[in-house]
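Structures follow.
In what follows, chain A forms one complex with chain B and a second complex with chain C.
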Partner chain A sequence: MRATVYSGRNTVQVENVPDPKILNDRDAIVKITSTAICGSDLHLYDGYVPTVKRGDIFGHEFMGEVVETGRGVSNLAVGDRVVVPFPIACGNCWQCEHEMYSLCENSNPNAGIAEKFFGHPTCGIFGYSHITGGYAGGQAEYARVPFADVGPIKIEDDLTDEQVLFLSDIFPTGYMGADFCDIKGGEVIAVFGAGPVGQFAIASAVLLGAERVIAIDQYDYRLQMALNKAGATDVIDFSEDADIVEQLKVLTGGRGPDAVIDAVGMEAAHGHGALHAVERVKQANRLESDRGHALRDAILACRPGGIVSVIGVYGGLMDKFPTGAFMNKGLTMKTGQCHVHRYLRPLYEHIRAGDIDPSFVVTHRLGLDLAPDAYETFKHKQDECMKVVLKP
Partner chain B sequence: MPTLPRPIDSTLHGVTDYTVGTLLMTAFPKLAGIEGTESASQVRVAGAIHAGYSTVTDYPLGIVKLLPYKAHLAIDALGAIAVAATPFLTGQWTKGRRHWVPHVGLCLFELMSLAMTDPTGKGDFHGDIEAVRQANLEDPHRKIYNGGPAVTRTSA
Partner chain C sequence: MKKAAVTVHRSREEVQRLWESSEHRPEYVQGTDAAVTFKDAPGDRGTEIHVDLEGATSRGKLGEVVGKLTGSEPLAKVKDDLRRFKQSVETGVIPRSEGSPEGELAERKLKQRPAQPLDESELDKAGVR
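So, the complex of A and B:
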């Protein structure tokens, strides 16, 4: 089969690789009909995630048709149309039983590597380095889905792939980010990063009843999508004024937003001044792994007693974490890789009910063979690119 | 004639500026075996000047964005040549190789870096944007600007 494989820093190629096979009774093989490039794939692409090897298949947002199942999979049949969540979860361990699926204790065969980085292992993830199990990803024609009796959700409507594909990752991720904000109605929520995850965080905050949702980014087309499609009420374009904290105070009468969502993560681009220069140099020389501009500003901007919700991906270590601001303002931080399985059914029902059409983020639909150009287009935000869906 | 690729964008150039400038001011003289000589002072001054005008360059890692990026690149080139010429203008090259080889080496490094730097700042975008546009089944501009909201506002 053809698949997008890592070929070195800032390079992927579409190559012929062996087809996946059933290895375990709880596996299924899915013929992929749609797959997407995620912002977190760019951390792999840019060489910031250790243990990625040449030849690794990328991709953790995919869906398709079940073509084979192991003997232990009774809930799926050949021909079923499914969306596959990006975290791989066994359904039986303590974490899964508590709906913390991205912390599954059984699905990462390279738990020892993850334990060295994080203190404890976390779940396996499709196509996301050997720290998360070395599973082949879904930017391919077929994928082996472990624990298929737990993960995939069957799609039984006439919804298009683009309407349901993002149940695999970015819609539940954005929703979890908003869910973390404890929205009861009337809150002001700020969202750092108007990329695809940020768009869904904004839309989810709107769905949950936030009074105002402020989108923050430096690209006008992303801010326009946030306003026109995702339901943002205000925008901050920090390419014009880099002092985001001050601008948020102005928008909130000096109080600051009730909750702030960091949908940016480790490759934050909005730093300014000497600190940004120092961080960029340190990261390029691998003296620190994570750029913390977004998280730092999120903590400084959030009103005292508020919530900082971190759904942007971080991988290692960051300098100058504002512990003083965090502690003295009595902030709560909630974070994690999304427990996708927890949100699949409720969000699917939202889509079916017409509350949201997730396909709004798709700006590019391309054949799988254009993956190398698609990665470059997505990374460099060319052609007003928001989200790329690849068709094998 | 084949040309070198120019993958260094303005951000990466800035990273190089600060990294090399800092190295020249600190560890480089000892590593090059010129510590304690006039060559060490010259290299340190060159590093300080380089880091200094980098802080006032209008590029992503500039702190005060005054100096146009292309002017910065021109100063890089002139500065590299000046560093290489210094031992020969002062006559110190007669004292031995360590009194001119580091200077010439730094000059060559800088010129090679400049040869690989994209003066527009954009760097090595190596995608085929036209192929993407032709193959795209969506219209990005329409998706962003046309039509109504994709989400229903809920009163909680």
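So, the complex of A and C:
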């Protein structure tokens, strides 16, 4: 089959590789009809996530048709149309039973590697380095789906691929970021990063009843989408004024947002500032894996007693974490890879009911063979790129 | 540190029974004279299995052969056994990835396969069928 394979920093190639086979009774094989490139794939592509190997197949946002099932998979049949959650979860361990699927205790066969980096293993993830298991990803013609009796959701409506594909990751991830904010009605929520996850965090905060949602980014086209499609009420363009914290204060009558969502993660950009230059150099030389502007500003901007919701991906260590602000302001931080399985059904129902059409983020549609160009376009935000869908 | 522990989401009676069963028996640990204890975990968490290699003299025939072949250290092999026991008891399978097709294996930590499907000969070698 054809698959998107990592071949060194800033390079992917589409190559011929063996077709996947069932390796366990609870596996299924899915013929992929649509797959997307995620912002977190860029962290791998850019070489900032440890344990990525040449030859790894990338991709953790995918859907398609079941073509084979293992003996232990009775809920799916050949021909079923499914969306596959990016975390691989067994459904049996204590964490899964408590709906913390991305913390599955069993699905990562590289637990020993993960323990070295994080103290404990977390779940396996498709196409996302060897710390998260070394699973082949879904930017390919086929994928093997472990624990297929637990993860994939069957799509039985005539919704298009683009309307349901993002149930695999970015819609639930954005939704979890908003869910963390304890929205009861009347809150002001600030969302750092108006990329695809940020757009869904904004849309979800609106769905959950936030009164105002402030989008923060440095690209006007992304802020326009936040305003016009996702439902943001205000925007901050930090390419015009880099002092995000002061602007948030002014927008909130001096209080600060009740909760802030970091939808940026480890490769935060910043329009200005000597600290960014220092961090850029440190990260490029692998002295620090995580650039922290967004998270620092989020902590400084948040209302005392508020919530910092971190759904942007971090991979290792960051310098100058503002512990003083975090502690003295009495903030709560909630974070994690998304527990996608927990949100699949309710978010699918929102899509079916017409509350949201997630396809609004798609700007680029390409054949799988053009994956190398697609990575470059997405990385450099050329051609107002927001979200790329690849068709194998 | 010559100790390792894992918590299995099952009752102590069940864990102790499966520990001795032919289906789930942890071969490496049982090939040693390590001290193994079972404790009720707090709350609803199941059962803790503690393995203490302190004072374990023999690693048994299987342990010796495995150790010679791989040069792996006993504690790492014990941890593999504990994880695989937990996995097979809780999920019914040993999760396998393309990078670690044999499932959790200390020797694989530094020798990961690329995360792409195995060809026919590799499938046989990894003992997948």
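Convention: the second predicted complex is superposed on the first by the 390 of 392 C-alpha atoms of A that agree within 3 Å, B and C clash if a C-alpha of one lies under 4 Å from a C-alpha of the other, contacts with A are read in each partner's own complex, and residues count from 1 in each chain.
We take it that a residue touches a chain if its C-beta (ideal position, glycine included) is under 8 Å from a C-beta of that chain, and two chains touch if they have at least 3 such contacts.
Just so you know, these numbers come straight off a predicted model, no measurement behind them.
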Room on chain A for both chain B and chain C (clash or fit): fit
Touched partner set for A:M386, first chain B, second chain C, both or neither: first
Touched partner set for A:T377, first chain B, second chain C, both or neither: first
Which superposed partner A:K229 touches (first chain B, second chain C, both, neither): first
Touching partner for A:D355 - first (chain B), second (chain C), both, neither: first
Touching partner for A:N106 - first (chain B), second (chain C), both, neither: second
Contacts of A:A148 with chain B and chain C, given as first, second, both or neither: neither
Nearest-approach distance, in Å, of chain C Cα atoms to those of chain B in the combined model: 25
Chain C-touching residues of chain A, taken from the complex the two chains share: 3, 5, 17-21, 23-26, 51, 53-57, 72, 88, 90-94, 97, 105-113, 124, 127, 130, 133-137, 144, 146-147
Residues of chain B defined as touching chain A within the complex: 11-12, 14-15, 18-19, 55, 60-63, 124-129, 131-133, 135-138, 140-141, 143-145, 147, 149-156
Contact set on chain C toward chain A in their complex: 7, 9, 44-46, 76, 79-80, 83, 86-87, 90-101, 103-106, 108-109, 112-120, 123, 128
Footprint of chain B on chain A - complex, ascending: 10, 183-186, 203, 206-209, 221, 224-225, 228-231, 273-274, 276-278, 280-281, 284-285, 354-360, 362-367, 370, 372-377, 380, 382-386
